[in-house]
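Before anything else, here's the structure in question.
Chain IDs A, B and C follow the sequence of writing; residue 1 opens each chain.
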Amino acid sequence: MGNYFSSERFVNIFPKVISCLSVNLHIVFWSMFFGTVLAIFVAVLRIRKVPVISGFLGVYISFMRGTPLLVQMMIAFYGIPLVLGNLFLNVFGINLNRLDPVIFVEIAIILNEGAFLGEIFRGAITSVPAVQAEAGYSIGMTGAQTFYRIVLPQAFKVALPHYGVDFIGVFQNTSLVFLLGVVDVLGKAKTLGAATGHSIEGYLSAALIYVAFSLFLKAVFLLAEYKMNNGTAKVI
Amino acid sequence: MIELTGVKKAFGKQEVLKDVSIKVNDGEVVVILGPSGSGKTTLLRSINFLEKADSGIMKFGDKEINFKKAGKKDILYMRRHTGFVFQNYGLFAHKTVLQNVMEGLVQVQKKSKAEAQKIAEDVLEKVGMLEKKDSYPSQLSGGQQQRVGIARAVALSPELILFDEPTSALDPELVGETLEVIKKVAQTGITMIVVTHEMSFAEDVADRVIFMDGGVVVEEGKPGEIFYKPKEERTRQFLSRIIPQDAYVI
Amino acid sequence: MSFSMQNFYDSFKSALLYAPVTIKLTAITFIVSLIFGAVIATIRNYRIPVLSQFFAFFVTVYLGLPTMVALLIYNLLFMTLYADVANAFHISVPISDVNPIIIGYFTLIIGTTCSISESIRGAFRGIEKVQYEAGYSIGMGRFKTLTRIIFPQMIPILLPGMQNSLIGLLKASNLVSAISVVEIMTGALLPSLLYYSYLEGYVAAALVYWIIGAAIEILAHFAEKRCGKYLKIATES
């Protein structure tokens, strides 16, 4: 039974595990970037209630919210090459089957965030009282001016704490990507464990990194909220 | 100044304005009275296109707008030449007092920041809110917020200001200071239409009172005539319910 | 590779066969976590010394730990320590006969308890102080006030969040597939292993999850409707 904790092994393994944090951060950054852009479109289209598109978005959001992210990642991983494989091979000369699995992970998270963040943004925009927009109109602003200068800044304030929680959630969800063969923090811990026969130090390294970075992100978002609200922040 | 003819508006099946016509002369202060549901607020909001009337004609200065055909340009024209003071103040929650007043000057009238700030501070001084210029709306009392709301409308130097029950959301002890400010604005000679239940204010400031009920204008006249010698039974009934309460508050 | 409807159908049937595993795991975890979460939130709400500080620290830190990482650690500890513990308690069941789902229960219950305790704390904050005072003023004690006045008022505030927690838990239960528990997803993949047709398996699994999630949403909708009248009265004051 060589799996009891050894602090020597921990000191040895920790730097190797944390060196893979960049993989997780890469996934978080690009997924959140494109996920946010997608979510803005989803929110605006949902608010405008465009006939057919609204129905489609309803189904899309329901699917993304109702099925596990791991399953969505797997469907992206196996499904995208199946549907688009020939097109990419013939038109762009790219073999999707040889693509880095990170790409499929990111596509899955982006689509997932489009739904989750989309609902957050929609809720935030509709939470701004109607009189705010009316006041904008009453001083002669155009619809676009009122939206960008009056409604959006207030919606942003409402959405920020929820955005922070969601952001941390995406970071934590990167703990699934090792199941698709991506060598991230947890993937590294697992491979090191398999190679040395001692897993606990690697797992604890990963746990420490996740907890510390999650708390760091939480602090960053609280600070941002604090600054925006001129000295008050509510923890959700 | 402004003349509305045959204005109609329905929310679903409920007719809120049934063929309303009113005329307000240059420099006149007109108070619109009426029970809730009489359509007075809807009429006021229609002038500023916060509500879109179904039909009718609006003459404003040289401009003539058919409600049925009103386009974006007409809507912006009316909003840029009239001011609106809301029942619930409607101050921009994410902006300071000064920024609230400057917003329209900079964004709509394209004035420089320095010029806008000077105008805004002048107007805030007049409503007695200059020392609070860096506060956010949430830090102010209702009366203070409404004074800023008035300043925001006045700063844009509109030709007509519309007041939608400006004191009805206020605590009784704050009504007086707000009415004082509105009175001060009236004395500058600007044209105003005020929807309110404050009888003594109407008697004091209004040149003319219009009484509405059930989506139509029931009668209009000088405050003294309407309050003490109403011609219509409906006006009499309404006043008998309002005046004793009002006297009690004062 | 192509999408075979026959394989999809087989996977779907197999996933349905294992749906009860997932539903049971989700339901039991939810109920247990709700009780523990309420206890922790109450302790923190009344600022009971030592315990409230301990839980504040524990919940904050633990919410930084992804479920998957926790699951792998508990699974490893279980594998490593089971023999010793079993010997000490004279348990003769070999580790190969222990269903790894108990590790899934353990992991999910701790994580869900932490997150639900935070929701309940939020609901506590939504109740005005005067409600407690009103309870005390008619001669109720602390416990009576809590169970008769405060908790009932918290239910409508909590409902939307609890619906999200429940669906979140349903999806999180999928992670136990990583410690070789056969649930909806791994169940759906059983036929796929024969044909190497994974996509059909995953799509079938998604469909079954989706159906269960929709059922939860419908149930929650009815619950909210029943509470809706009360909520309206409560928020109008």
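Simple rule for what comes next: contacts are C-beta pairs under 8 Å (C-beta built on N, C-alpha and C of every residue); 3 or more make two chains touch, one makes a residue touch a chain.
Since we're looking at a predicted model, the values are computed, not measured.
K.L.:
Among the chains, which is located farthest from chain B on the basis of C-alpha centroids?
P.N.:
That would be chain C.
K.L.:
So which chain ends up closest to the centre of the protein, judged by Cα positions averaged per chain?
P.N.:
A
K.L.:
Please tell me the distance, in whole Å, between the geometric centres of chain A and chain C computed from their C-alpha atoms.
P.N.:
That pair's centroid distance is 21 Å.
K.L.:
Centre to centre, by mean C-alpha position, how many angstrom separate chain A and chain B?
P.N.:
For chain A versus chain B, the centre distance works out to 47 Å.
K.L.:
Could you please state the distance in Å, as a whole number, between where the Cα atoms of chain B are centred and where those of chain C are centred?
P.N.:
54
K.L.:
Report the residues of chain A in contact with chain C in the complex, numbered from low to high.
P.N.:
1, 3-4, 62-63, 65-72, 74-75, 78-79, 81-82, 168, 172-173, 175-176, 179, 186, 190, 199-200, 203-204, 206-207, 210-215, 218, 236
K.L.:
Help me check something: in the complex, which residues belonging to chain A touch chain B?
P.N.:
Contacts found on chain A: 131-132, 134-142, 145, 149-150, 153-154, 157, 230.
K.L.:
Any idea which chain C residues touch chain A in the complex?
P.N.:
Per the touch definition, chain C meets chain A at residues 1-3, 60-61, 63-70, 72-73, 76-77, 79-80, 83, 122, 167, 171-172, 174-175, 177-178, 185, 198-199, 202-203, 205-206, 209-210, 213-214, 217.
K.L.:
List the residues on chain B that touch chain A in their complex, please.
P.N.:
It is residues 48-50, 76, 79-80, 83-84, 86, 88, 90-94, 103-104, 107-109, 136, 152-153, 156 of chain B that touch chain A.
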